[in-house]
Structure formats: C-alpha cells, structure tokens
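Look for chain A in each of the two complexes below; its partner is chain B in the first and chain C in the second.
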Partner chain A sequence: MLLAANPTRMHLLRLKKRLKLAIRGHKLLKDKQDELMRRFMDLVKQIQGLRQEVERDLHRAFERFTMARSVMSRASVEEALALPGKRLDVGVTTQRIMNVEVPLFEPRAEGRIYCYGFANTSGELDVSLRSLDAVLLRLLELAQTEKTIMLLADEIDRTRRRVNALEYTLIPSLKETIRFITMKLEELERSNLTRLMKIKEMAEER
Partner chain B sequence: MKQLSEYRLPFTYNTHYAYGVGRIRALETRLLRRHDISRLVGAEDTDAFLRILGETDYGETVPSLSDPDHFEDFLSGHMASTLNLIVHLSKNPEVTDLLKMRSDYYNLKILLKGSISGRDMEFFLSPSGQVPPAVLLRAIRDEDVGHLPGYLRQTIQTIEGFSPSDEIEPQSLDVLVDKAMFSHFLSVVMKVGMMFLWGWLEREIDLLNIKTFVRLLWSQQAPELLKTNLCDGGSLAVEFYRMLQEEPLDGLPQRFGQTRYARLLDEGIASLQTKGSFARLEQLCDGFLITYLGRARLTTFGLEPLMAYVLIKEYEIKAIRTIFTCKWNHLPPESIQERLPDVYL
Partner chain C sequence: MSTSNIAVIGDRDSIFCFHAVGVDVYPAEKADDVKAAFDQVYEGGYAVIFITEQSAIHIEERLREAAWRPLPSIVLIPNNRGSLGYGLETLRHVVRKAVGADIMQEDE
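Now for the complex of A and B:
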C-alpha cells in the first residue's frame, strides 16, 4: 500500500530514513519476541510439573478434610477452626522481565497451623491441615508464575503484532512508496532530459 | 455358731431404675445392628442411604435431603431427644447433667473464641447445655461471670489465670477447657461413687492422651506441648508420656505393651506409618470404648445402662454421619469401613 507522500527527493530521503529505522526496530522487536518466547517456554515447562503437584496435593488435602469432616460434627469442625493459629501475610512487589512488570510474592507466615484442642477433633484434621500448609507456599509460587506467564503472553502477543505490522505492513509500504517515488523521480529526470535534448536539437536547427 | 441368715447378703438392689432400665432395654433393641450398618455402607448413593435409614428407628424423622446441613440438624435432633429422655428417666441429675454440661463447655469455647476473634459465632452455639446459650453469651460479653454455675466460672478463671484471654493461643484455650471438663466430671463421678462411669472416664482420658501423644509426635509439634496438652485422671500418669517423648513412633507399641492399650497402639501406629492416616487408631479407640460400655448390659438396675445407652447412641450417630458424609462425597465403601468401629463391621 502506498503511503501518502509527495514524490520529491526530500520525501524520498525521509522515507528511506524511516525504512532504515523500521528495519532496525523490526530486528530489535524480533529479538525481543524471541527472548520473551524463550523465557515463556522455560516458565511453562517449569509450571507444568508444579501445577500437577499442587493439584494432586490439594486434592489429597481436601479428601483428607472430607474424611475428618465425616467423623466430626459440623459444629466441632466450626469450633475447631474458628480461631486460626497461623497468620499468612503476602507482600507483593514487582520485578522486570524484558521490561515487563511481573509480580513477586513474598509470603510471611507466623504461628502454628494446629489451632484446636485434641478432645473433639480427629487426627485426620491434622493430616489435612498439614497437607494444606505444605501446599500453600507452592500455591503462591504457582500463582506468581502463572501471573508472570499471563503477562509475558500478553507482551509476546503485543510484540508479535508490532513485528507483524512492521514486517507485513509498514516496511513493504515504505519500500513500495520509495520505489514509487524513485520511479517518479527517474521519470521526471527522463522527461527533463528529453526536454533538454529536444531544446538542444531545436537550437542546433536554428 | 453363726445362723445361716447371717451369711445371706442383705437385699439392697437399687430398684429405683426398674422402669428406666426396662425402657432402655427396649430401646437398645432398636439400636443399629451390624447388618443395618453394612446395608447403609453398601448403599449406592445418598437416596438409597436415606431409604435404608428410613427402615430403622430413625425412620419417622428421616429428612428429605436438599441440603447436607439438614442431615446434621436431623442427627443433632436425635441426640437431643435421647439426652432429654435420659435426663427425664434419671433420678441422679447430678450425674446425668454431666451429659448436658459437655455442651456448656463447648459453648464456652465457641464464645471465648468469638470474643477473641471479634467474630459473631452465636450461630454455632448448642442449645442442649445446662446453661442457656443466651445467659452464657451475656456473661462473656459483659465479662460478668457471677451468674454462671461454679464449673464454668472456675474454667473461665483458670483461662484468665493462664493468660489474658485475648493473647491465649486457640489450642491452649481448647486444652484448658477440656482439662477443666474432665476434672469436673471426675470429681462428680468420684463423689457419687459410680465406678462404671469412673472406668469410662478413665479410659476416655487415657485414649485421649494416647491420641494426643501420637498426634503431637506425628506432627512434630514442640515437645513442651506434651507438658501442657495431656489430661490428668487417666490410668496412665502424664509423667509416663513425658518419659516417652524422645521415643520414635514405631517404638511406642512396645512401651505400652503392659497396658490394656497395647493392641490398639500396635495396629493403629502400623496403619499410621503405612497409610499416613489416623483412621485405624481412632477406629480402634472408639471400638475399645464401645466394648467397655457393653458392660452396662450386666447391670440389672441402676443408672449405668442409661448412661451407656446415651454414649452408645453418640457412637451410632457418629457412624451414621461418617457413612452419610462419605456417600455425599462419593467415597468408596472401603473408606467408610476404615472409619467405623469394628463392633459395627
């Protein structure tokens, strides 16, 4: 597609500068896209195992909780867990990966997970809480990595659109416009030359 | 030479409970039998479960199930009516009131936890206690315990003496209340000289201490908790457990070898180590206590059969809850059987 431009030498120079810049930008964006993809794939590989582990452990913990719930009355469960003994604060800061701001969770836990007496509770409740406690930090790690992956995926998508726009729209248009202006200028030059030759011929005849 | 009449035992049977025991003996025939439990365990789903339950003594009030919470209310209702019956039949309110006082201790825990956390927990209060929940609630809210019965007042004072109530750890709070409850029950049972209940409480405390000890060892909680979390009053002194605190789990059955709990520890700990589950240990503990309660069948007249009936009914309701919850969550029958006392299987 031709860009709106006057076929002048000045415009040609300007367009050539733009083309050079676009080619350089394209290369940089392409490199960025490749690096983002590499990091993205690393994280995806890393998270696959983590997600499976977390899902499996959560499933086990909930199964154990159901078992505990089956041997305790609803009131006993509510009473036992009414006042949690462990407190978890999650601080959220950010870090930059290829200029993408991704979250960094910093969990701080204090207190004990076992917050109940032993007379009216089942040992299965201990088992399920221990499993939940063990999975909690990995759950946060999973959340952090998944959010990072989502943000990287967005950035990859955005970068790919830019690369494609440069590669398939802007650079071809610039090239086409440059060729058009070059041809137009050559055409002008040829017509000038022809005109001058004609004038010279007429002058010689006189 | 003595006359023959002097060798005869005086006729001192306490026939006060002739009616009560007769009634309980009739009700005992309606308790769930092994085959009832087996049918419930084998039910395909909760609908089939309720249909089978409807054929038992629970048939009149089996709820139509739209919400599992209704089932919990249904079980609580059954337990409350059994308690009321025993209190009605009792001529020793001092003893039978203990059954209701357990709810007072439970309510106290709930209200203290509610006041510490600032959460409204009135919804969980049990109406089956000796003290109406509203009275207890007002006393805790206004910090005026003067109107409460002595056993609750003393418990609150013990907790306040241990630590300011808003700084106390929830586990310590529960343990202090449980200790106060067992100590109170033991003192009442000792005062009336009821050996059957004494034996039951002694075994209950022993088993609670054993389970607590195993749970603390398994979860690797701080050894100092052993000093505070075990209850006095069992046949095994608290010192005995303290001596074992360095013992590995698999060494425990041997150390308990000379006690009556050797078998259940042997099997329970083996299962804990292989399956990572307390189910077998708890199943054996429940079975042990149910077997002990069976001794009340040998008593012709007295309060023992009444008390034993309530306690056995509690285990029966626990078994029904276990089966129902497992059915509701589509757990296999094997998971249910692992959690029911042997006497039902």
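Now for the complex of A and C:
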C-alpha cells in the first residue's frame, strides 16, 4: 500500500529514516519473540508432567478421604475438621520474564493439620490429610506455572502481531513509497533535462 | 485473622477436606451457586483459586476473561469422581493459540 506522500527529497529522507527504524524494531521484536517462545516451551514441557502428576496424587488423596469418611459418620468428620489447626497462605511476589510480570507464590504454613482428637477419628483420616497436605504444595507450584504460561502466551500473541504488522504492512509500504518517490524524482529530473536540451536547441537555431 | 489467600470452590464432598489443611472453602455445586461463589472469591483478594472441573463448567466465560489477569491464578482440579481432562484441555488451547500448532502430544 502506498503511503500518502509528497514526492519531495525531504520526505524521501524522512521515509528512509523511518524504514531503518522499522527494520531495527522488527529485528528486536523478532528476537524477543524467539526468546519468549523458548521459555514458553520449557514451561509447557514442565507443566505437562506436573499436571498429570498432581491430578493423580490429588485423586489418590480424595480416594483416601472417601475411605476415611466411610468408616466415620458424616457429622463426626465435619466436626473433626470444623476448626482447622493449620493455615496455609501464599506470599505473592512478582518476577519479570522478558518484561512480563508473573507471580511467584511462596507458601507459608502455620500450625499442624491434625486439629482433632484422636479418640473419635480413624487413622485413615490422618493419612488422607497428610497426602492432601503434600499435594497442596505441588498444586501451588502448578498454579504459579499455569499463570506464567497464560501470561507468556498472551505476550507471545501480542508480540507476534506486532512483528507481523511491521513485516507485512509497515515495511513493505515504506519500501514501496520510497520507490515511488525515487522514481518520481528521477522522472522530474529527466523531464527537466529534456526541457533544457530543447531550450538549448531553440536558442541555437535562432 | 484466620483467613488464607487460597480458596477452593467445588462440591462439598470433594473439597471439604481442604478445610483441614488450612485453605478457605466455598462449597457450590449448582450453576448459580458457583457463579455467586466465584464472584465473591474473585473480588475477595485471593491469590490462588482452585476450582473443580465440574463446577468450572458453569463459569467458563468468566474464567476465560480472568485468565489474562496477573492475579488471581485460577487452577482447575479434578474432584473426587476423577478428572474430566478439562484442565489439560484449557492448557492445550492456550498453547495452540500462542504457538500456532498443537505441540502437547498425548502421553499414553
């Protein structure tokens, strides 16, 4: 697409400068995209295994809990767990990956998980809570990695759009306009030359 | 204060055990309940929200728009009846959008 332009030398210079800048920007963005993609791939590889593992472990913990529930009454389970003795918190800090802010979760646990008397509860409950407690930390890791992947994916998408806009729209149209102006200027020069020659001829005839 | 900044949404039977390990629990199973619980949790300043796949189905739309915000981190978990593969599917969708190809092959 031709940009609206006056075919003047000044404008030509300005366009050439813009083209140079666009090419440099394109190269930088392309590098950014490659690096983002590399990190993204690493994370994706990591998370696939992590998710499957966590889902499996969580399933096992649920199974154990169901077992524990089956030997106790619903009321006594709820009673036993009504006042949790443990509190799990995450400290949130942020980290920058290629200028994308991603959260870093740092688990902070307080207290212990056995918040009930041992007289009225079964051993299965202890086991199930312990396995759930263990899987929860991995779940937090999953939460962090998944969020990072989401945010990186968004950034990759945006960067790709900018790279494409430069590569397929701005740079070609700048080049085309520069070509157009150069031709126009050359044409002007030629017409000027022929006019001079013609005038010279007329002057000599006289 | 005894509240945590981690929350779990899902059917009561599955997630009640999370109460014991020190996480806030929001039991919700029907679509409207899940929506209400999610709104409450979303505005509640939680950093991490776990939600069972079975409950997440009701608020797909909301989850999708929340996914691009830096916080909270929302993670789909299976409930006690097993995984629907919905969590992995969401991830695959995101990867496909970013990379332009499906690179997460099934490991059997």
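Going forward, the second predicted complex is superposed on the first by the 206 of 206 C-alpha atoms of A that agree within 3 Å, B and C clash if a C-alpha of one lies under 4 Å from a C-alpha of the other, contacts with A are read in each partner's own complex, and residues count from 1 in each chain.
Convention: a residue touches a chain if its C-beta (ideal position, glycine included) is under 8 Å from a C-beta of that chain, and two chains touch if they have at least 3 such contacts.
What you are looking at is a predicted structure, and each value in this text was computed from that prediction instead of being measured.
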Does the superposition put A:L13 against chain B (first), chain C (second), both, or neither?
neither
Now for A:V127: first (chain B), second (chain C), both, or neither, which partner does it touch?
first
Counting residues of chain A in contact, which comes out ahead: chain B or chain C?
C
Of the partners chain B and chain C, which touch A:V92 in the superposed model: first, second, both, neither?
second
Please work out whether A:A109 is in contact with chain B alone, chain C alone, both, or neither, and reply first, second, both or neither.
second
Counting only touches as set out at the top, which of chain B and chain C does A:T66 meet: first, second, both, neither?
both
Contact-wise, after the overlay, does A:E78 reach chain B, chain C, both or neither (first, second, both, neither)?
both
Doubly contacted residues of chain A, that is, touched by chain B and again by chain C:
63, 66, 78, 82, 84, 115
Note which residues of chain A are touching chain B in the complex, please.
63, 66-67, 69-71, 73-75, 78-80, 82-85, 112, 114-120, 122-124, 126-127, 130
Of all residues in chain A, which touch chain C in the complex?
37, 40-41, 44, 47-48, 51-52, 55, 58-59, 61-63, 65-66, 77-78, 81-82, 84, 86-90, 92, 94, 101-103, 105, 109-111, 113, 115, 128-129, 132-133, 136, 139-140, 142-144, 146-147, 149-154, 156-157
In their complex, what parts of chain C are in touch with chain A?
2, 4-6, 14, 16-23, 47-48, 50, 67-68, 70-71, 73, 75, 77-80, 82-83, 87-88, 91, 94-95, 97-99, 103-104, 107
Show me the residue ranges of chain B that touch chain A in the complex, using the header's touch definition.
69, 72, 75-76, 106, 109-110, 113-114, 116-117, 119, 121, 124, 126, 169-171, 173-175, 177-178, 181, 208, 211-212, 214-215, 218-219, 221, 229, 276-279, 281-282, 318, 321-322, 325-326, 329, 331, 335, 339
